[in-house]
Structure formats: structure tokens, C-alpha cells
Amino acid sequence: MGRLGAQHAENIATKIPNAELVALCDMDTVKLKETAERLHVSKTFTDFDEMIACDDIDAVVIVSPSGLHTEQIEKALAKGKHVFSEKPLGTTVEQCIQAEKAVEKYSGKVFMLGFMRRFDDSYRYAKAKVDAGEIGNPILFRAYSQDPEKFIESSIAFAAHSGGAFLDMAVHDIDLARWFVKSEPESVYAIGGCYAHPEFGKYNDGDNVSCLMKFQNGAMGFLLAGRTAPHGYNIETEIIGTKGTLRIGSVPQKNLVEIMDSYGVRKECSENFLERFQQSYVEEMKEFVDCILKNRKPDVTVYDGRRVLEIANACKKSFETGELVKI
Amino acid sequence: MGRLGAQHAENIATKIPNAELVALCDMDTVKLKETAERLHVSKTFTDFDEMIACDDIDAVVIVSPSGLHTEQIEKALAKGKHVFSEKPLGTTVEQCIQAEKAVEKYSGKVFMLGFMRRFDDSYRYAKAKVDAGEIGNPILFRAYSQDPEKFIESSIAFAAHSGGAFLDMAVHDIDLARWFVKSEPESVYAIGGCYAHPEFGKYNDGDNVSCLMKFQNGAMGFLLAGRTAPHGYNIETEIIGTKGTLRIGSVPQKNLVEIMDSYGVRKECSENFLERFQQSYVEEMKEFVDCILKNRKPDVTVYDGRRVLEIANACKKSFETGELVKI
Amino acid sequence: MGRLGAQHAENIATKIPNAELVALCDMDTVKLKETAERLHVSKTFTDFDEMIACDDIDAVVIVSPSGLHTEQIEKALAKGKHVFSEKPLGTTVEQCIQAEKAVEKYSGKVFMLGFMRRFDDSYRYAKAKVDAGEIGNPILFRAYSQDPEKFIESSIAFAAHSGGAFLDMAVHDIDLARWFVKSEPESVYAIGGCYAHPEFGKYNDGDNVSCLMKFQNGAMGFLLAGRTAPHGYNIETEIIGTKGTLRIGSVPQKNLVEIMDSYGVRKECSENFLERFQQSYVEEMKEFVDCILKNRKPDVTVYDGRRVLEIANACKKSFETGELVKI
Amino acid sequence: MGRLGAQHAENIATKIPNAELVALCDMDTVKLKETAERLHVSKTFTDFDEMIACDDIDAVVIVSPSGLHTEQIEKALAKGKHVFSEKPLGTTVEQCIQAEKAVEKYSGKVFMLGFMRRFDDSYRYAKAKVDAGEIGNPILFRAYSQDPEKFIESSIAFAAHSGGAFLDMAVHDIDLARWFVKSEPESVYAIGGCYAHPEFGKYNDGDNVSCLMKFQNGAMGFLLAGRTAPHGYNIETEIIGTKGTLRIGSVPQKNLVEIMDSYGVRKECSENFLERFQQSYVEEMKEFVDCILKNRKPDVTVYDGRRVLEIANACKKSFETGELVKI
């Protein structure tokens, strides 16, 4: 339970009808106790295996460090639990294949990956329009994922373990691209660098990176992942089609307030992913619970997890070698 | 339980931590049964008095026709319930005074009026800025409340009983004006007419009306209430101050999607008050419940209800007489 | 030739085809000489009567202090010149009537008043839409004319002679209101005050004033004139109709640049009327010249000048007395 | 004199102080006569060589088919004329080198290339901010150049001779990229296709193409050129820097009118390059004339013409081969 884990816990406890928060697991006993009290949860664990041994737990939400995801997914499924896992599915393609096998083996259980952007109102609205043919065929998918400069310290601190901007940040946009474009990228060229913070160079990473992708159906994809946005948390997505263009979040506005003062006419911006996607985290969990109750399968599958990782790896390879990479 | 009543019920049942939806009351037994089943509520009533006689009910939410509010507020308080009432407090000043007396008599109970806009994220953000002095002293408060033309049939059907656009629609903005300006209007001039729908004329009402108010502290207030907006549900508020201006909802956008097509670059709009203020209804109920639990009093008081009615009445009088009205 | 006079001179000299700048007149001989040299004008005058005695001058552009307009219009017409006069037509209704008589007497000559906003691209575009019935019948005309706070010193210095915010500032919007609504106001209620600068109180004026008007055709009009805008020169106009709404300049943007930085997502604003209406001054002069060459009459007539003054006077009276004024 | 040639002629005749339109040259005698009469030009030619033989012509503006530019530039310079040439400098690098030699040989004459976007108010404003360091170091330059779908017929008709989208359309953005980023691209990957109009495929062209560039200073560049925009003429440019982001034209608005109707809240868009860049064509010509009068050299040099062509050729090569191209 990092910051996002606590948020998931609170959502389940207070905002998801038909779900009950039964247990919490964390190695930090202080935080564990504090959260359990705040959310009126009686069972707490410091050991994942002990938790999933409980019979009165139907489903498990995994928000652990990325390297542990696959193993925990497999264990929880084996214990007969439904499983929701935060992205990424795994840190290597081998891990992903392992997860795929587990999900296939325990096919009676619901497995869902946490690509929460798909559950944002605006993205869902845009997706419905695209699927209804309102913008014709997709020509270009463009996505920016920019973290605020003010969190740069923690980005740097995390850099050694993040896997780099493509694996850590761009995966959401890679997922969205495939979702909107309905095709897979076949080649990618990725560039970038350390424009403000040389620290990332140590890990073959950049503070801002981008890539251009060609999809099998001919569509183009351009992604930017950056860590130095001065204005806030900027998640912007555009789908240009033959009959129309949709832009989601082209102003990363905090709310509906517009300010007119000596700085001009302006909107203040979202500060972080929890502010921007607050409701999406609730909606994805509702979907997970609804799938369990209605014995349905979520749209986000275990295979999406592997595909996204493969594509992110191709981006990373292109970025590191300076060459075009065919996927 | 009209449409809003069902929404309140659902919110309490699924989105308000520390609250339990115990009972529902409606004269329509079909709807009552359907809603009770959907929300897993065991107790249902067709009689308000029977419901408030139940001992295991701590608080009551009143969403009945306006003329019944005062009486039900008084009865519920007398039975020891905390009371949340939808606006208006009453339909006459006498009723409001009666409600005030009841609230004063049962001062140990929480009473709250449903001016939900105060609980909208954007309004709260704006209010905090105003209170922090960021825009200096208020010069002009401007507010538009425009219902979509597509609901005009139901507006016309309701016209005989609505009390007119000032009492029915402008009350939210009158409340906001007093909240932001921190002063009371002392004179008002109101005009308007039937620009598209002569049907409103029968009831001395207009399909669009407006008024200009002077506040005791010198601030100006301009309000527009209309029923013919072709673009959707348009709730826009502006506070011009000596150091800055804040606008809330100057584009009544449905979400963060921007469309570029043969109609230009555009945003689609909110369709109705439930879409626009969905979260506000949750937040105000959270506040009501929190006040009960922490033995606090809400900011929205019974006196706000009376003041708003008096001001709306003054607007109505000016509109009907064509003269300036001192309050 | 104040600042605006020099601009008119430069426009005629360099941007108006079929017009030649023949002479300049100003009592400030230093400025006169400098401008004449810059614009390659051979004739200069310090006396208006001497200038209009010249036979090789076809038309005169009057940009003198307001109190002199009527007299100079009359004299120039009498000398057989076409006349363009800056607003206002006169400072009293008597003066306006005098100007009307002169224009009627010399009806072979072109007379035009400088309501330049009618020649702004955006206003013209909006007007064409309104006239084509695209927004149905007008319900509300709303206009803001806000000068930047940073020019407050000169506003205060000019306060004794400006005639007040309605006569000095709101006249443009009064003209626009009549132009868009195609009706005359029949009653007005005006309020306002000194919210930041008590200096205006000395002259029965305010730093921000507003009024609500009822037009003979039932339309409503709300005008705000202010001198304390922190964000720049804010000229915003809205026409709400039964089928649509048009807003002109709802963001008083300087240009097409959008800035994303620590202040949010923002646009910088126009600084003053010359920046905002630069091209309108050119277009109105083109129209004046074209009317002369084609023996046409401009849409802006001498009667517009008088009506606007009468309405502004009614606003002023309401502001000063606190009462509703019938026009 | 195509459409743009006639515009240049009109601008020089009516909007450029200190310039006189002396002669016109076109092979279409009907149009030649009509334009000459309209603009009061006495001399007309159907032969370029005859025109530049005239002694009373100081400067020549070349708006002929691209393949003729270099030759005409050389000839006009040789006759002692100052030369303004529309883009491109030439259609091959060899032609560009020939032009460079001519410009170097006649170095006493002013030579200027028509990259008019640099003279647009908004671009100039943005450039000043970038140069002043207000957005820090450039990270990403993104540019869209999208022609309206409604001109697709003429795009198709022109496809055989246009040189393709990179040479025909993207050259303006290539110029802007170098101008803003102050570095040269060193590698490029270009993709695209025929998403709506297979006709372009015949010429190894696409109706929408894009490329990702890496600059020598590390900055990234992403360009899109498209011919199928349903909303109008969309020229959008973004410069993301380490301290801020600037966007120019993110809404390709026709003017300051905002419409609220059944399609939502919207702005209508610019229809074509003459509408969007009307004033830029005037400003660039003013600069050309001013350079002549003051014996200055323009910022846009003959070398910019060659560099832009080399880069566009690299884009084209990458697009055609599907491979990364080092420049």
C-alpha cells in the first residue's frame, strides 16, 4: 500500500457498492494500523501469503512493487481469488507469459489490469465516439503524459528502479493507443534526453522522451512522456480521424474555474494522477467487482499487459540504440 | 422521491461513508418498491408521519413538493430527527419563519438546506480564493442559470406551480451571490419576458428573466434565469473583484473531450443538473452526515432559506410591476 | 491629434487605398512637425478654421476634445468637406441636435461617427449571424468594457472631464446594443461605485458601473463599464438568442499564443483599445472613404450619436439618483 | 500570379508604405489586365525577362511555379533587382546551390524567401519569449499543418507536381522548427499513408504524413502534414521547454466569436492560408521593403531555403523507404 494502495483501499471501503474491504496487507505496520483504523478494517497482514490463505477473501487488489506483480497474481489465483493488479503486468516478457498462463489456468476467476484511464469519463466518451465511427478512420493517435516538475525529486529517487520513462510512464498511452486505434504497432523510433535533469542519464533514461509508431493498419502514433511540466500533471490525448478529431484534456484543468488576473486569462492545472484520475480509480474497481458478481470478463485482459510491455520495450530499445525498431 | 429523491437515496446507499439508507417514503408504490429493491432497503413507507415515527431513523432527507417542506421539517425535528431539506425552505415568508422557529426550538438537531452548488468543487475552490482575498473586493457577481430548451415541455407543464423563474431557478444564484459577496441586496430591478414560449405569460412568468441588484456593501449583482438554452444546461458564475476575476463554468462542458469537425472546434455541454452537479449532491450529503457525527452546524442555515426567498420575492415583484424594488 | 489622432493619420497615410493624407492640425507644434515628417505630409495647421479653408482637402477627420466635435462638424460641412468625427457626437443633447441639423443641411456630404467596433471582424461576423436569424430573437445583450487597472492614473486625471463612465466608456456598448438588438431601450437602472479608487466619487462617477436596460422589443441589456481590470483591456459582448448565443471576445486574448507554465494554462490579454481594435480603425476609415467615392451613406448615422448620448444620460441619471429611469 | 500572387500584388499596392507596385507579369492576359486595372498598375508583361529589363523596377516578387524560382531569382539579381521569392527556394538541392551562388554573387542586393509564418504576430510573440528564455531550453517542437478536406479536389489535382506533403506542406514547419529550436535535425523517421484518398498513393505521397526528428542539440521535433481536416485550415505549433510550453493556434479560430448552440460551445475555424496568414503576407513584404530601404539583410536567408529542402527530402526518403534517415 503506497499512496495508490491507500486510495484503492479507501475507494473499496467507501465508494464501491457490493464490495467490502476485508483485509489490508503492508510491511509497514504503522501505516497498516492507521489505515485499518481509518477504514474500519479488522484484518491486517504483513505477509501476502498469509492474507491470501484467508477463506473469507474473495478478491485481491495488488498494488505492490512492479517486480512482485506476476508472482502475487499467480499465487492469489491459485488460492481461488479474483485478482486486480496494478500495471505493469510484469517487468519482463517472461513474467508476463507466466501471468498469462496462470490466468488461463484459473480461467474461472476474474483477472483485471489497472489501466484506469480507460475508465475516465472523457476517455470513455471519446472511445464511444470513435467506435461509432464519428471521426472516421484513425490517422494519428497523439498522447502526452507529463509529470509535474515539482515532483522531480521523487522521480529521480525512483529512476534506478522505474525501468525508464517508456516502461514507467508511457505504458498508459501505449494501452490507450491500441484501444483507440484497434491495431498493433509494427515499428517505432524513440528519442529524448535529459533536458533539465542529467541524473536520469545514469540509467539510460531521459527526463523527456518521445516516440513515433507505425501501426499495422497504417495509423500513426506519437507519444511523449515527460517529467518536467511546470504547469502540473498534463495528460493529453488526441485522435485525428478522417472525419474529425477528438482531444481529451488539451487543457489539464483542475476544475471549472477560470481566473483573470495579471497573468492573463488562465486555468490552474491538475496536480497529480490522483487528482486527475480520482474517479477513474473508482470506476475501474466498480467494473472489477461487477465482473466478479456477474461472472463477466473485463475488457482489459492479461494479454494487454504483455503487449504493452513488449511495445514499451521496443521503445526503450530504440531510445537506447538510436535506431528504428521493428516489433 | 422524484428524480432527485432517487438520486439522494442512491447516493446515501452507495457513496456516503458512515451513513446507512434505512427507509424510503413515496406515494408511488411501484417506484418505491423498485427503488427499495435496487438499493437493498428493507423499510418503505407511503406516509411521511409513519416513517418519522420509526426509532431507528436518525436523519431525514426531504425531497417532497416545495409546499410541504416546512411542515415536514417541523414534524421531523419534533420527532428528534436531523433534517436535510431540498430548496426552497418554504413557499412563503410565513412558512420560512415557521421553519426557523422549529429549527431554533430543536437546536440540538442538525438542519441543512440543499444549496448543493456550494459543494461543487469549482465553487468551493472559487470561494476559497475569494475568502483569501485573491481577487480583492467583489465588484460584480454575475450568474446565469439556463435550462436546456429540450426540457421546455416539462418546464411549461410545471409553470403553474413553479412560482416563476426567480423562485424556481434563480434561488441558487441568489444564495451564491450572498455567499460570495458577503452582503445582502438592498434593491433590485427585474425584467424579462416570453421570448420563445408565450405559455409562461399566463402565470406572470417569462421563459427568460434577469435582474440587477445592489448590495449593501456596494457590490453589484446580475442574474439571468432562462429556460431556452439550445446548447445544454448552462450554469455560469462570475465574480469580478478589484484584483481579479473568477469565472466558474464559462463553458458548460460535459467533460474534457474537445471535438474538431465540420462544426468547428467545440465542446459538448452538460445536459441537466444531475449531470453537472452529480458530485455536489454527494458532497452536501457527506457534509450533512459529518455535521451529525461531529455535532457541528452546516454553513447553510435556515436563515439562508428565508433570505433567499425574500430576495426572490422582491425580484418577482419588480418583474411583475416593472418598478425598482427596495428590499 | 492625441494618441488616436496620430493613429488615424498613420492609417490614412499608409493603409487606406484611394485616400491621401493632405494636412494635419494640432496645437502642439512639436508633435505636429514630428508626425508630418514621419508621414510625409506637407501641410500643417494649428488652427482648425484655417485647415478647412483649404480647397484641396476633401474630407476631415475630427479627433479633438469631445466638447469641440459639434462645432467642428458644422464648420467643416459648411466648407463643403465630408466629415468623420470620433465619438461622442456631442456632450449635450442640444449639441447633438445642432449636429443633426448641420448634417441634414449639407446632405450631399458624407458624415460618419467613429463607432469603430462595428467594423471589427468579429463583431461584423456576429452581426451577420444575428441578421441571418442564426440565433433567433435576441433575449439578452451583455457587454463589458473594462479598461486595465494599469491605466488608472490617466483615468483619474481625466475623470473631471470624462463625463463619467457611462458617457465616456459605455457609449460603445450602447451603440452595439442598439445595433444588435434593433430596438431602443425604454427603461434603465444603473448602479456602481468606487470599489478601488475613491477619487471618482468626487465627480459622481464610479470606477465600475453597470446598468440593466429593457428594450422596446422586450430584449434585455446588461452593460458593465470598469476601469480596474487587472488582466488587460477586456471588451466582451454576448448576445443570447432564442436559438443560440454568440460571445465575442470572452477571452480578451492578445494573440493566438497559449502559455503553459507555473501559473497554469493561460492567454495573455490585449493591453489597450489600439491593440484590440487596430484593424477596426482601418476598416471604418476605408468605409468612410468608400462612401465618399461611391456617394453612399454610412450605416452609422448622426442620429445614432444623439440616441447613444440620450441613453448614456439616462444611465447617468439612474446611477446618480439610485432610481429607475424611463427613457 | 496565382491566388497568392494576386494577394502579394494587392498588398504592395495598398498596404506597404514606401513601396509602389510598378508592373505585373503573368501569362494569362485576361487576369493580367483585370488585376492591373483593379490596382491601377500601368505596366504589364507576359514575359519575365522583359519585365526585369525595365529600369524603373527596383525589386521583384517571384510567385511562379516552384520549378522556375531558381532561374528567375538568378536572372532578376543579375539585372540588379532586389528579389523576394515564394517558397521553395528550388525543387532540387542543385537548384538551391545555384540560387545560393547567385545571392552571394550579387550580395549588394536584398534576397528574401517567403516563410511568412515567421511574420505572424503570434509566432513573433512566441519567438521573442523563447529567445528571452521564458520557457527554458526547447524539449519538443510539434507542428501540425492541416489543409481542409474541402480543398481535397485541388490537392489531388496538384498531387503529381506538388513534390509530396513534406516538400509541399511541411517546409513551413521545418523552417519554424529550425527557427525556434536553433539547431539542425540530424535524423528523421517519417510515416503516413492514404487514409481517405488513395489517389495520393500513385505519387508515393499520403493524404496525411508525419515525422519525428532528432536535432543536434538534443531537441525533438514532431511534424504532421495532412490534407483532410474537416474543421478548416489548422496550423498549430507547440514548443515545450524546460520551464514552460507555448502553443500557437491550438484552436484555429476564425475570429473572436464563440457560438453556443445545439452543437455545443464552439469556434468556427480559418478556411485557408490566406485567411489565417493575411497579415503575415503584409508584414513579410514590409520587412522586404524595409531591408531594401535601410540596406539590411532579412533574417530568412537563401541558406534557410536549402536547409529546409534537404530536410524535407530526408523526410520524403524515410517516408518512401520506411527507414530511419540520417541527415
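First chain written, first letter: the chains are A, B, C and D, and each begins at residue 1.
Note that in this section contacts are C-beta pairs under 8 Å (C-beta built on N, C-alpha and C of every residue); 3 or more make two chains touch, one makes a residue touch a chain.
Bear in mind that the values here come from a model prediction, so they are computed numbers and not experimental data.
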{"item": "Chain whose average C-alpha position is farthest from chain D's own", "value": "B"}
{"item": "Computed distance of Cα centres, chain D from chain B, in Å", "value": "56"}
{"item": "Distance from the mean Cα position of chain D to that of chain C, given in whole angstrom", "value": "38"}
{"item": "Inter-chain centre distance, chain B versus chain C - centres from mean C-alpha coordinates, in Å", "value": "41"}
{"item": "Residue numbers of chain B (touch at least two other chains)", "value": "229-231, 243-245, 250, 253, 259-262"}
{"item": "Touch-based graph of the chains, sorted into line, ring, star, complete or other", "value": "complete"}
{"item": "Residue ranges of chain C touching chain A (in the complex, touch as defined)", "value": "229-232, 234, 251-253, 259-269"}
{"item": "Residue ranges of chain A in contact with chain D within the complex", "value": "136-137, 139-140, 187, 189, 191-193, 195-196, 208, 210-212, 214, 218-220, 222, 224, 226, 228-231, 240, 242-245, 250, 322-324"}
{"item": "Interfacial residue positions of chain B with respect to chain A in the complex", "value": "13-15, 17, 121-122, 125-126, 129, 134-135, 243-250, 253-262"}
